[in-house]
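For reference, the structures are reproduced in the following blocks.
There are two complexes below, and they share chain A, which is joined by chain B in the first and by chain C in the second.
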Partner chain A sequence: MSTEQPTGSAPRRERSGPYVAVVRWMENLSETQYAYLLLTPAFLLLGAIAFWPLVSTFQLSLFADSLGQASVGEFIGLGNYVAILTGERTALLPSPFLPQSLTVGAMFNSALAVTVVFTVISVFFETIIGFVQALVLDQNFRGRRWVRVAIILPWAIPIVVQGMIFFLMFQPNLGFLVGTSDNPAFLNQIGLLTTTPLANAQDATMIVIVADVWKTTAFMALLILAGMQSIDRSLYDVAKVAGASPWQRFKYITFPIILPTVMVAMLFRTIQAMRIYGLIETVAGCTTVPSLSCLVITTFNNRMLGSSATVAFITAAIIAAIVSVYIVGYARGDV
Partner chain B sequence: MIVPYASVMSDDNTRNGVARREYLAAAGGAGATLGLAGCMGGGSGNGDGSGADTATGTPIDTAAPEEEITIQVAADSNFANSQEAIMKTLREDGGLPDNITVEFLAGSFTTGDRRSKYQQILSAGQQKPTVFMMDNGWTIPFIARGQLANLSKVLPGSITETVKQDYLDNMVATAQGQNGDLYGIPLFADFPTIQYRKDLMRQAGYSDAEFDKWATEPMTWTRFSEVVKKTMDATGKTGFNWQGAAYEGLSCCDFIEFMGSHGGSYFGTFDNYFGPIGERPVTVDSENVINAVRMMRSFIYGPGNDPAALDGIKDISPDAVVQYKEESSRKPFTNGDVIALRNWPYSININAAEDVFGEDLGVMPIPYAVSQSDSEYETIGGSTSALGGWHLTLNPNATDTRKQAAVQLFKALQTDEVRIKMFEIGGWIPPIPDLIATERTRQLKPIGRYVDSLKVAGENALPRPVTVVWPQESTQIASEVNASIRQQKTPKKAMTDLKKSLESIESQV
Partner chain C sequence: MNDDTTRPDGGVQTEPELKRGPFQRWINRSIDDPERAYRAMFYVATGFFLVTTLFPFYFLLVLAVTPEAAGLQLVPAAFDFGVFLDVFRQINFLRYMFNSLVLALTTTAIVLLLSSLAGYVFGRLEFPGRTPLMLLVLAISYFPPAAFFVPLYQLFTGNVIQGLVLYNTPGAMILPFSSLFMPLSIFILTTFYGQIPDGLEDAARVEGTTRLGALFRVIVPLSAPGVATAGVLTFIAVYNEFFFSQLMNNGQPENWAPIVGGLLQLQRAGQFQVTYGIMAAGSIIAVVPVAILVVVAQEKIVSGLTAGALKE
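After this line comes the complex of A and B, so read on.
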């Protein structure tokens, strides 16, 4: 390397060159500072990949929609945020961002409310059912491998195929779960579903939730199972010798040890659930079940670029807020 | 994560000291490489999307280019699969010079996907493809944004004048700018009709003489519901399927027909259909429009069971219509469970096939409630078919030679023989009324039996009111009409709410 100086020749000059200055500066860094220095390129790269699209979306959200032009509209600062959050833009959106009133109908028409309802209910059931599945799979029994395959199978099905399965199940004249007014199916008779569930916001949201639980419970089960398998078996032996009941073994050994794993799994699922789009589009359509991602995509397709970027950025902000709640909770649990 | 790493490092300070020095030397080289990569990755696009504006109005040399040239037409797989047959008729009947080859590209069948793709291509100022096949439901926004070549300026007057004179007026209207200039050449048209089962209706006592009359003389909705109801009673089958889901198909098409055939309109007279936005009246709360919604409710629930139903209209449609789109409503009909179906001509080809219903399939124009002469607005009322169909538009960013070649393609398409052959090859209905029902087209199987009904439908075809805000308005229309036919809102409340949203959209642009 040209920058390298031969040892011995003019040692005084070596001590005052810029190269030497940098080396000296580096050698004087504390271990932690040096570690961060080494990580800087990785942070920069990650920042460019992760934050550049976010910053660029934010930038787009500061410009007005321009329905009649080929490019974006004029700079309006936070105008889009104000218009969307105050409901001023509701008429131009396929569905309102916030619910316009507190009735059930208005809730199921609002992108934010539908997304929150979907996320809370689906993640709740996925966690509970996934937990139970993991507990079962953690036991030793004949054919355990086959049961594992059966549980993971829904996770392997492509969203579009799964969407089509659920779409057909609830299609009048085709699906076995829905009848007609003259010949109602069981779910119609008990009043759980109308005869046209995919046109009804509440029914369709419920169907999408069930479809999501059916598919992604496997994901939860696998993550939780991995946590369970990492528990030192001798702890159970000791507990058994000490006379702990199965419930006590679960309560004092299994649950505390896998809680961090469950939290991480729930974090992943919550992020995914907040972004729900594909399943809705294939099962019921974004008009019936308007999620936040649906709103981003429909407004974008309708050339409301500023509004679309605004909703996208707000969605990202909401997800970030939820993630920080988990991370703060997780950090506390860790201590 | 940092803590254990730092503690490991502090175990061996000496080695780390040397490592830092070596690291710096190595990083110097790596940094230079990264820097170079950064330079290469730099983009040079201007990104303002205005490139399209400069080339929309320069006249094109009408002489055929002399070199071998291929132009691309962004179309669908039906066109791509019939490439050879289309080229043959373009050359032999249309006189397309041998040195010009037209390549039809297969795009998505989903119209919205095609629209998004064209938006990207035109916004980026790409030179290819030279010609776009555009849905008449969204050509006007591209015109309004100045993204298409103005054919009135760049094409010879002979072509544009023929289009304006001979083609379906309402179809041409969806390819024109506010100033009346032409931006697209209609390629083919599409108009829904009512398909019905003659065999089932015979069981209810209707005769072939009546079917012949119905084929070209639209009946009233009251009569239609009686005929279907009587057939339902005689056969035990489901009555009438149409598309009531909350989607573009409801606002652009089914509701335009129900409303238009009651003499109702979204924005008053037809002159207001394509603007000016914000200055036209919103007329969806008029009695005619509300009656149309009430009729849809009568179809589903019946006058006895729904206080908002329209008297005299029988309950002939299943509940499922509020969830039906084209294919979901067609399948039960093709399966033989349904008496009548409102759908596009593609489904005539399916249902009239010999192994489905063959000659037992009847077709009639859409029935009506208020004739055009009794309607408040001129040219609205009477039997109304929604107008579907596609235009060919010219990419203003294409090279001059390719534009010259495109002119030759447009010229070839003006030939009647080419239009009829296109009907034969792919079932693309000519957008020219005189060419729909001819001796030649009557020979086509199986659609030839129904060309007289299609001609009537074509003459009564009404386009959707496309403007740059139509996508937003369409969503509101579909959701309000759907809410009302699901009995969530009375027709009056739904249409009053719709009027408010439409006025709000109109005022915000």
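After this line comes the complex of A and C, so read on.
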């Protein structure tokens, strides 16, 4: 304690000094004042590094792309949004935002379409596989701990390593998945992959989906498992006595009880899948698979700050819309 | 799977059953007792998941240790472990690893301190504005990093405040990491701190502990598992992060680029300068710290993920 003692003070020490003053001031705050005091550091950080950038992104999105030295051009209101959503800006963007036509090629070239395709397919498979994984982990068996470690491991590795693994696995002639035109591998022969899959938008999207399912299914499985383990086990005993088969026990007990948990897990995964960037950047590059986050970065690198901020804000708005749909659906199912 | 050569009673098999294959015998028994079929499905599923999750790691290992001259085979014909040293010779991989660990540990410390304060407030205090503020924190975790990127990049390169340049310094990554990963820790700690009985805190206060003293000497130690959970999850999240790790530095080790920079540098150097084996070896080395953490702290990871996500 940094209490400065006045010389010749009595044995009963007078408490003073800055530390004591602060403590005394803190002790006298009301609960509300104290609560806000303790929240200040966290909210200062969130304010400067999260809220301010969000507001500022929106602000930037109202300005035209700069042509000269300045970082942004003149104020054009919602002009960027109109230009991007109507396709007027497409010629200037590194990749189109909306699909140019309804062909498959155009879909995989468009930031919005490719992100939606990626999100829907990967979340669908993650849910199904995660469910089965959770059923496996819910059993009691020897070595369960190690099976769980194996299942979590992909979730815990850096995105760049995940990308590296799939980049290497699908290198022509390196792994056994992709051959060359003289020596096609099985996947080439059945026409699933071309011989340069990482340079082909459709193949690369498929590989990115497989990589994402491989890594994040564990997250889904753990959440669903937690839901399963919160089920009252006596329900199963009652069902067993009543003669229900394991399938019936699953259908009438497990499934309805964990459905809300599955919905929450799907919401989380959807939000994360919509921001896909690093995996694509490592596996195939942002020009081959232009996800929404990729488009933000590629437009930014082209010094189109207004457009970049607009795409970023539209992405955030789409995610916000998905969140509200889930929350409304969840609330309706709950009541 | 189920080849009974001796019968349970120890007798020799002389029954006609012998003529049938083991598979048919097994099917017959399964029809009598469906639990057996479910058991078999369980083993098949477990085996399948073990193979699919672990195979990519095995591939990486085989690719790394197979010498370049030898062809890649499922069981390598020759081994060459020197490739793990080549990674460090090729680029300053040690520095990249060091940067990653420093960034992750610093962020974890900041997040734990700030979210301890916030978690205490949300978990134990009643005050007006509690719910809206919690929703505000929750909302942050919904936004994609791309929505923060442009202004933060401008800020860190000194275009907003003259003279404040954080680009290529640890700060340019630690600040975004801290604010983006803090919400999860706040929710985990709110749950844990909220569960400590009021009596314990009151007792400490009666004993003359200050308000902050009660938090850091009573509540935090009693919630040690929760704090450890939040710490482990934050560390893993930061160590694995890609977006800001790549974009807030120029990828050079002396500019605090983490392993993202190192591995991308290996990848982009191209096959002729850096063999695929070296890329694989670098990836394996990068996984080691988190792999150890998963084995040691898997219970914490599981409980933290579920508590944090299902809190909502």
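Here are a few things to note about the model shown:
The criterion applied here is as follows: the second predicted complex is superposed on the first by the 281 of 335 C-alpha atoms of A that agree within 3 Å, B and C clash if a C-alpha of one lies under 4 Å from a C-alpha of the other, contacts with A are read in each partner's own complex, and residues count from 1 in each chain.
Note that a residue touches a chain if its C-beta (ideal position, glycine included) is under 8 Å from a C-beta of that chain, and two chains touch if they have at least 3 such contacts.
Being a predicted model, the structure only gives us computed values, none of them experimental.
Between chain B and chain C, C contacts the larger number of chain A residues. Look at A:P158: by the touch rule set out above, it reaches chain C but stays clear of chain B. Contact with chain C, but none with chain B, is seen for A:T282 once the two complexes are overlaid on the shared chain. By the document's definition of touching, of the two partners only chain B reaches A:P94; chain C does not. In the superposition on chain A, contact of A:A21 is made with neither chain B nor chain C.
When both complexes are overlaid on chain A, the residue A:L78 reaches neither chain B nor chain C. By the touch criterion stated above, A:V104 is placed in contact with neither chain B nor chain C.
Judged by the touch definition given at the top, the superposed model places A:V323 against chain C, while chain B stays out of reach.
In the superposition on chain A, contact is made by A:A70 with chain B only, not with chain C. Contacts of A:V264 after superposition on the shared chain: chain C is touched, whereas chain B is not.
Taken together, the two structures place residues 23, 26-27, 31-32, 34-36, 38, 71, 171, 174 of chain A in contact with chain B in one case and with chain C in the other. Within the complex, the chain A residues that touch chain C are 23, 26-27, 31-32, 34-36, 38-39, 41-43, 45-46, 48-54, 56-57, 60, 71, 132-133, 135-136, 139, 141, 145, 147-154, 156-161, 164-169, 171, 174-176, 214, 218-219, 222-223, 225-227, 245-246, 261, 264-265, 268, 271, 274-275, 277-279, 281-282, 292-293, 296-297, 300, 305, 308-309, 311-313, 315-316, 319-320, 323. The touching residues of chain A, counted against chain B in their complex, run 1, 3-4, 19, 22-23, 26-27, 31-32, 34-36, 38, 67-71, 89, 91-94, 105, 171-174, 180-181, 195-196, 198-200, 285, 287-288, 298, 301-304.
Note for the complex: chain B touches chain A at residues 2, 5-6, 9-10, 16-17, 20-21, 23-25, 28-29, 48-50, 52-53, 112, 115-116, 119, 122-123, 141, 144-147, 244-247, 318-320, 322-323, 328, 331-332, 337, 468-469, 471-472, 475-476, 478-479, 482, 486, 488, 501, 504-505, 508-509. Per the touch definition, chain C reaches chain A in the complex via residues 34-35, 38, 42, 45-46, 49-50, 52-54, 56-57, 59-60, 63, 72, 113-115, 117-118, 120-121, 125-128, 130, 133, 137, 140, 142-155, 159, 175-176, 178-180, 182, 186, 210-212, 236, 239-243, 246-247, 259-260, 263-264, 267, 276, 279-280, 282-283, 286-287, 290-291, 293-295, 298, 301-302, 305-306, 309-310, 312.
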